[in-house]
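Consider the two complexes below, in which chain A is the common component and chain B and chain C are the respective partners.
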Partner chain A sequence: MANGISRRDWMKLVGGSAIGFMLTPIPWKILDESAKWTQSPSFPYGRQREIQIHSNERISFSHTTCTLCPMACGVRVRCASERGRGSLEAVGITGTKGHPISDGSLCALGVAAIFLRYHPSRLHRPVKIIGHGKFVPVSLDEAISDIARAISRSSCESVAVLDNQPDRAISHIYRKFVGELKNGFYINPPTCDGVPTRLTDQTLHTGDLAFGYDVNDARMIVSFGTPILDGWGTQRQFASISEARRCGGDKKLKLIQVETAHSRTAQIADEWIPVRPGTESAFALGMANVMVRERLCNIDRLRMYSADFDNAAGDSFMKLIEKYPPAYVSEKTGIPADKLVEVTREVARRKPAIVMFGGNPGSGPFRLDEQLAFMGLNILLGSIGTKGGLKPRGKLPSPYYGLHGSDDSNHLASMKQLSDIPDGSIGVLIMDGADSGCAIPWETVERKLSPAGHTIVSLAPYLAGNAVHADYILPSPAYLETADDVPTPSSATVASYSVVSPIFSAPKFSVRPNGFINSLAEALNIRRSSRSDFSGMEYILKKRVEKLHSMAKGNVFNAETGRSERLSGLSLPQFLERLKKGGCWIDDGPAELPPIRYSFLGGTHLPRNNVPVQGEGNNGPRELVLLPLGTRGVLTAAQSNPIMSKLYQESGLRMSANTVSVNPSTGRAAGLKDGGKARVRTENGTAYVMVRFDKSVMPGIIQASVVPLTKSPDRAEPKIEDSVIDICKIDSDSTWRITNAMIEPA
Partner chain B sequence: MNTTDAINRNASKGTDDVRGKTIFFFGIVGMLFLGWIIFPFFIYAPVAQPVQFSHSTHAGDNVGLKCVDCHSYDKDGRFLGIPGTSKCAGCHSHTIGVSDEEKKFVDEYILRHKEIRWVVYSSQPENVYFSHATHVKVGKLDCETCHFGHEFTDKLRPARFSRISGYSIDVSGSTLLDIPSTPSTGMRMDDCAGCHNKRGHKESCIDCHK
Partner chain C sequence: MTNGNQVKSLTGKKHNFGMVIDVDRCTGCGACMIACAVENNVPPGPVDATDRTGITLMRVYKADNGMDFPDNESVFFPVSCQQCEHHPPCVSVCPQNAVEVDPATGIVGQIPVRCLGCRYCMAACPYHARYFNWWDPVWPEGMERSLNPDVSLRMRGVVEKCNFCFHRLQAAREKAAAEGRDEIKEGEYIPACVESCPTSAMTFGDLLDEGSEVYRLAQSNGSFRILERLGTGPKIYYFSEREWVRNIAEKDPASALKRGATTD
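For the complex of A and B:
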């Protein structure tokens, strides 16, 4: 054996080769290349190279409309498919060029929205929540049976649907369903984008005619806390406002931001008026005082068209604003009286001027009495219905109008605000899965629930946001998987309408909201004649499109050609086809303003002797004012994507969750360190935060960032601490702008 | 006798040990040779360009073209990439040199008004975009920063694609063993991020991922 090759020799050769093998790139390179291969859209049927090179027929584009917030931006989804199999994967999203609403622009949320389909908190089947973050799978039939039983039991309590994006076709289905119930409520959460219809109805008596802000034609914008340059409206509107601010001559736009917080809009506005917290409306009434005193408005006309502007008997606007002379307002707001007068004169001179007052998505809308003050300023400026002011927009037809040859829309439940619902009255709450874009502190909802017992159903695709409070989550299809429609954005002055066709298939066990409502109606034996109306989203959408087509006005944007056509020149199938393929109908212009009479006090004769000036009741040097701030659309973990995590968690470009900014003097007085940890206490609880010193923050203010928590939205992780939004004080009218708080080192 | 046998056994054992170690060592060396020398030729399949183009001839003193003379930008700022044959026909409407490649190019493409299907060295996955215009016009990078020495080449090297993933070696980088992953000479995300970070463009995901 000495000269031959023994088995032992072979073993040594193999052993040596094995060790040598591990020192070569062979295993590692093959592993690396195989991993890349598996990431190919064509895996396991083809090779990546075939996708990369000369692969035009494998790449397709689909146009649709973004549903992540109510702004209705046009999106173009780039899809990779594997030849002959039809399965699609989204590989990129861009804006649709020439789209009448967004014109090719998209926000950071929309750009990376393809990842929302793969959100770590996404649920793929109905679940029953059995504890904080813990759940068990449940069949849809079982869930519906339980929910129907809960509805049948709640004879004293009401059944409510909370719809975050009203006026969609599904919204009408909800309203129809709730309208069939004895104690049904259809609720919309507060919005920060547009002018509340309730406010315009109270001050202008225009019923349900909705108004938008004509920012494109304005030369002066006075914004009370609205983040106009930081997430308000579409990116196109942002570009348009920025362009108008840059241009010279008569068309130059000036932006004055009246806000306590040194927000991003305040930073880049032409002028920032840093009023004390909660005194924005006092500043508005001070401006009104100056306008009337210096006759910068048409007082005779106002007297003629308003019963409560100036009258001898009862409350009047004149009497109210008399109590807000510049010196008094200066004392309350901290803004010099001269500055108030100077700003007012400039606003009155630089017309068209518009007063915007949506508020910040993180801190929610203003109270109704505050909104009346801002609206009064708009009336004084003559901005109602005029170019560059508040303009009314046309109304979209209801899909139920004339569905059975008669006006079935009469059976729809009326639209309510959260503040309209009596506390402790809701026995069963169904929460739609769409996102309003604004924060909704859970306490605003929770206080409406019956303390005797309640059932909460969420139709969100994710176990995130307020869905974590639900008893059942019936996950609806995620973004790009659902059939839906997008009505006019609430800030727009011209009506628009888009249809959303699903581009990708939804998971097998996801629950379509209309299907759920149909099954629930069946389980509840709601009259059979109307039951069919709850099903078939395609049918409902088609009926709505039919009604729109019969109006024969406006233009239709064709996303594939990038051109617009007159609706009157299109047949119904053509119109439907355009809309299904990412098109958009847009009205010819704003609606006609009916003859109006102004009610400055909202027809309710509110006790307006003194507009409350909050933040003054501090008991000691350590009690401060907590101001939550956020950006629309990214206030819950449900809408976080990789770009959001870069912006908020990794880059420091935006303040991450539970981070507060305080003035260095305030921080030092409270014993805090820059970059240190602290406890923020309010009457609602305690939040643990990271402190950042910022000289631009007003002393006495805790400016808090409302964004998803940095920790992973791990479904198995119990909630162990409150976020800033959880500890805000909720007022009786469901607002939470100002909260007294204490801060101390943790 | 016993002593002799023992000596022989020991000698034989010593010889076997040396031989065993040699075989073991041969196994290691053989595999290292296979992995580092042979394997790279196996894992990447070369694909030759349809026409051999000499950058050195065109960019050299005789002709003196600049990069942007052929690789130009559109009016709206877009990079036009490799020029079409109509641009080449400006000079090469007929053969003006003596090379076989030029004759082939003129006969097969120019005279037939046919475009060349160049093999792309750097195709990225579909979710990645690269803009020359951004890097050159906004980033103020010279062409040579990335394509250093390209103007001195006489031939177009073959593109080499991975037989498994299909990615070009220009994308994945010529480094075969890259542990831990560090920016190298390819066009992987680490390479882009490394350069971006070095130039102060951190956290710029949507610059490339659209």
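For the complex of A and C:
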């Protein structure tokens, strides 16, 4: 027997030690620590960087007004500052409690807006676009010089400013600037919230008097495609509708949604009337027919106050609605005639009633002739100027001229809409960075541009929305950095005014719109005088506040105390201070309605013998109808805020970009699968989409979601493929509600 | 919940915080989801996050009456941790004691530093209200400067859930203490989702306080709880006047709501 250690013994020792070692905590501890190390910032191959959260030792609160859309919500910003560093950061946003317009509420966009200063698509210097999605830095001076040269060159074409939130102080600066140019246009987008002033002027002859909806006192709302429960109006109006729908007794509000799409509002309205696409106005005229036939309205009064209600000699509203008896309307709309009669009787009985027709932010407004049909219904119901109906609101003073106009008002460019501008006429287009809340398909703008060459300038802080089509992007200050004002929301019946104070100073690269206009005016040698001085936003705002103060009426909301005081009891500095600190001025009530006469057929502005009404719907046997749907801020950076992934991507609460819903029968007939990919083809192009089968969608309809394609911080690149809205058919009046389309598996 | 100046004692008095959600008022706007994510420092989902892997401590589901066009009706259900009162399943299965019920408030809390990521609690939760951190928390550059200083981040590999914004209760207590009070006032503490709801569909408060609005609503006709038959005693009540909506909770709403599908 040998005494030495054999090879076998040695192997046993090593093997045993290894097994024994595995039974000790050491290897597991090493494994655990290694795993932790891979998640620490010092790990060289990890993508995780150190995240330092502000300390909560120094918290302060500031109040201001939200600028993401024209609805003027009061905002309370929670700020944290680092000890010793002095840097202030927003660490929380809520609504301002008691605010007369928003009453402490914010929408999802407003709550998420805390991150907008650091949005991945924010631009950090002026850039010049040199190709699809490619850009190079450019100095502001160089950009202004180029733009001024383009304006000088474009003497045959127009210079246009597209202002998405009209009646702000900066809007008056734009109008002033455009007014100084001989070939200028000042353009406003359509509104989905209020009553178009052009329409009220044509039907009521009230000039530029603006009307809003008195939803607080209404007992019945008939909404033609307006997203009443999905971002429409001010937060207080929204809350008021919600409250009134839930209350009992005489004050209970009933909401009837007349719409083809199974929109968010259609889903939760008291009643959804799914008319065939494009037949909403036919339904409205059918209701008018029933009202007149059953004398549910004051016909003698209408005859007295309207020349075209019952005009035996020429065209009249009576003759028009005679063509829309319930049986005919039923054939067109797909709604049983009995239902039409039943709804009309209920609407006529349950007053005050409002007919709303703003349209969806994704599918845009109705055509003017369709709006006339809806407005006619409001007139029949006696809803003009009455409690719970459409009420006029007071005007805000301009920083440049008084309430009743003066010599200076002549120098402001008149307000136009895109449909007013001749195709191919714009040589230089300046797009303001604010958002109207509604989509503006690029083609509606593009067709107005000169084919001989054009220059587009965007003042948006982000490379998002229509800014991606610009030649120059001069990034304006972002959310919470901008000095601005917010006039009356277009849905409101009472005038209001708020000032937006910057809570954070804008970075040096930011281009203030008024500074840009001022520099451009200098480069163009536009004379400098008190009239044409475009600089000094603070000065302009102060002038406006001064004029408002001199009116000595209304109440002023103090955001810090949550209380309101009479304006007449405040000095000018006190008033200015209240507004600067997130306050809000509110008029005493709606404006007085002047004596009006009704023009059902649109007065002299439309040919009296031509009130076309869409109603044919689907045109081809294999064609479906594409209906774009969106919510407020449909294509903006606010909707593509990375945190919005919670709604669009991580929960499916809202359909993500380029997702369409079809009825299972429609989908199967087209060879589609639920969850599969498909191609949607229209005369304008092709979009690749994800298909969802939804048995609540009307057969024959492609219900498409309009949201920005960007969906995460990793994909903040500009437009990468056609979205649904890019392939919608744009009509000559710049509307795009109905598009015939084909869908097939991709 | 904010009316009145009633003062409640926190010293020695037991609370049972709960919520009533009137789903007839909910419009599915998603403000509560965003407010929750912002308040609790939940990062945006990475590009490959889905409804199964994303984190939404408050999630609004859409359900419908199962009818075809045009008779289809919908309802939106905001669903967060149901704050079970009786033997919360997640508490009993957790091997790490990472889920605890605060006896003073009744709030079921999650302690991420104890969690080892086994996800037993996710399997046990019948409400699908727990979420696993599949990724490190990442915000686009700069956005982390706007994170809420009152809430710490959770690392990859741990489970998280709604805790009724417990840090807000702490802040309310601190404020009360700084003002020399032992008590917080009613309405001084509400979670971010409740605060953000534009239709006031959510009412929050102490279910033990018989004078409170939340108690009244929870006891009213039309209030119901999801999967009540399981006996977990959720402290989130729902309210609807529509029978088919109430029936959703009696069947198998969790999976139906999870699919966002019908419940026929």
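As a convention for this text, the second predicted complex is superposed on the first by the 640 of 746 C-alpha atoms of A that agree within 3 Å, B and C clash if a C-alpha of one lies under 4 Å from a C-alpha of the other, contacts with A are read in each partner's own complex, and residues count from 1 in each chain.
FYI, contacts are C-beta pairs under 8 Å (C-beta built on N, C-alpha and C of every residue); 3 or more make two chains touch, one makes a residue touch a chain.
As the structure is a prediction and not an experimental result, all values here were calculated from the model.
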Open item on the list: One more residue to check, A:Ser105. First (chain B), second (chain C), both or neither?
Closed with: second
Open item on the list: Contact-wise, after the overlay, does A:Gln267 reach chain B, chain C, both or neither (first, second, both, neither)?
Closed with: second
- [ ] Would you sort A:Ile643 into first (chain B), second (chain C), both or neither based on which partner it touches?
- [x] both
- [ ] Would you sort A:Arg654 into first (chain B), second (chain C), both or neither based on which partner it touches?
- [x] second
- [ ] Please name the chain, chain B or chain C, that touches the greater number of residues in chain A.
- [x] C
TODO: Check the residue A:Tyr539 against both partner chains and state whether it touches chain B (first), chain C (second), both, or neither.
DONE: neither
Open item on the list: For A:Val697, using the defined touch cut-off, is the partner it touches chain B, chain C, both, or neither? Pick first, second, both or neither.
Closed with: second
Task: First, second, both or neither for A:Tyr305, with chain B first and chain C second - done: neither
- [ ] Figure out whether A:Ser242 sits in contact with chain B (first) or chain C (second), or with both, or with neither.
- [x] second
Open item on the list: Taking the superposition on A as described, I'd like to know which of chain B and chain C A:Ala80 touches: first, second, both or neither.
Closed with: both
- [ ] Please identify the positions on chain A that touch both chain B and chain C, taking each partner from its own complex.
- [x] 39, 47-48, 51-54, 59, 80, 91-94, 108, 111-112, 642-643, 646-647, 650-651, 653
Open item on the list: With touch defined as at the start, can you tell me which chain A residues reach chain B in the complex?
Closed with: 2, 8-9, 12-21, 23-26, 28-30, 32-34, 36-37, 39-41, 47-54, 59, 78, 80, 91-94, 108, 111-112, 642-643, 646-647, 650-651, 653
TODO: Would you tell me which residues of chain B are touching chain A in their complex?
DONE: 12, 15-16, 19-21, 23-32, 34-36, 39-40, 43, 117, 119-120, 123-127, 129, 161-162, 164-167, 172, 176-177, 179, 202-203, 205-206, 209-210
Task: Contact footprint of chain C on chain A as seen in their complex - done: 39, 46-48, 51-56, 59, 80, 89-95, 105-108, 111-112, 114-115, 117-120, 229-231, 235, 238-239, 242-243, 246, 262, 264, 267-268, 272, 274, 642-647, 649-654, 663, 695-699, 711-716
Open item on the list: Which stretch or stretches of chain C touch chain A in the complex?
Closed with: 22, 24-25, 27-31, 33-35, 37-39, 41-42, 44-47, 49-51, 53-56, 59-62, 64, 68-70, 72-76, 136-150, 152-153, 155-156, 195-201, 260, 262
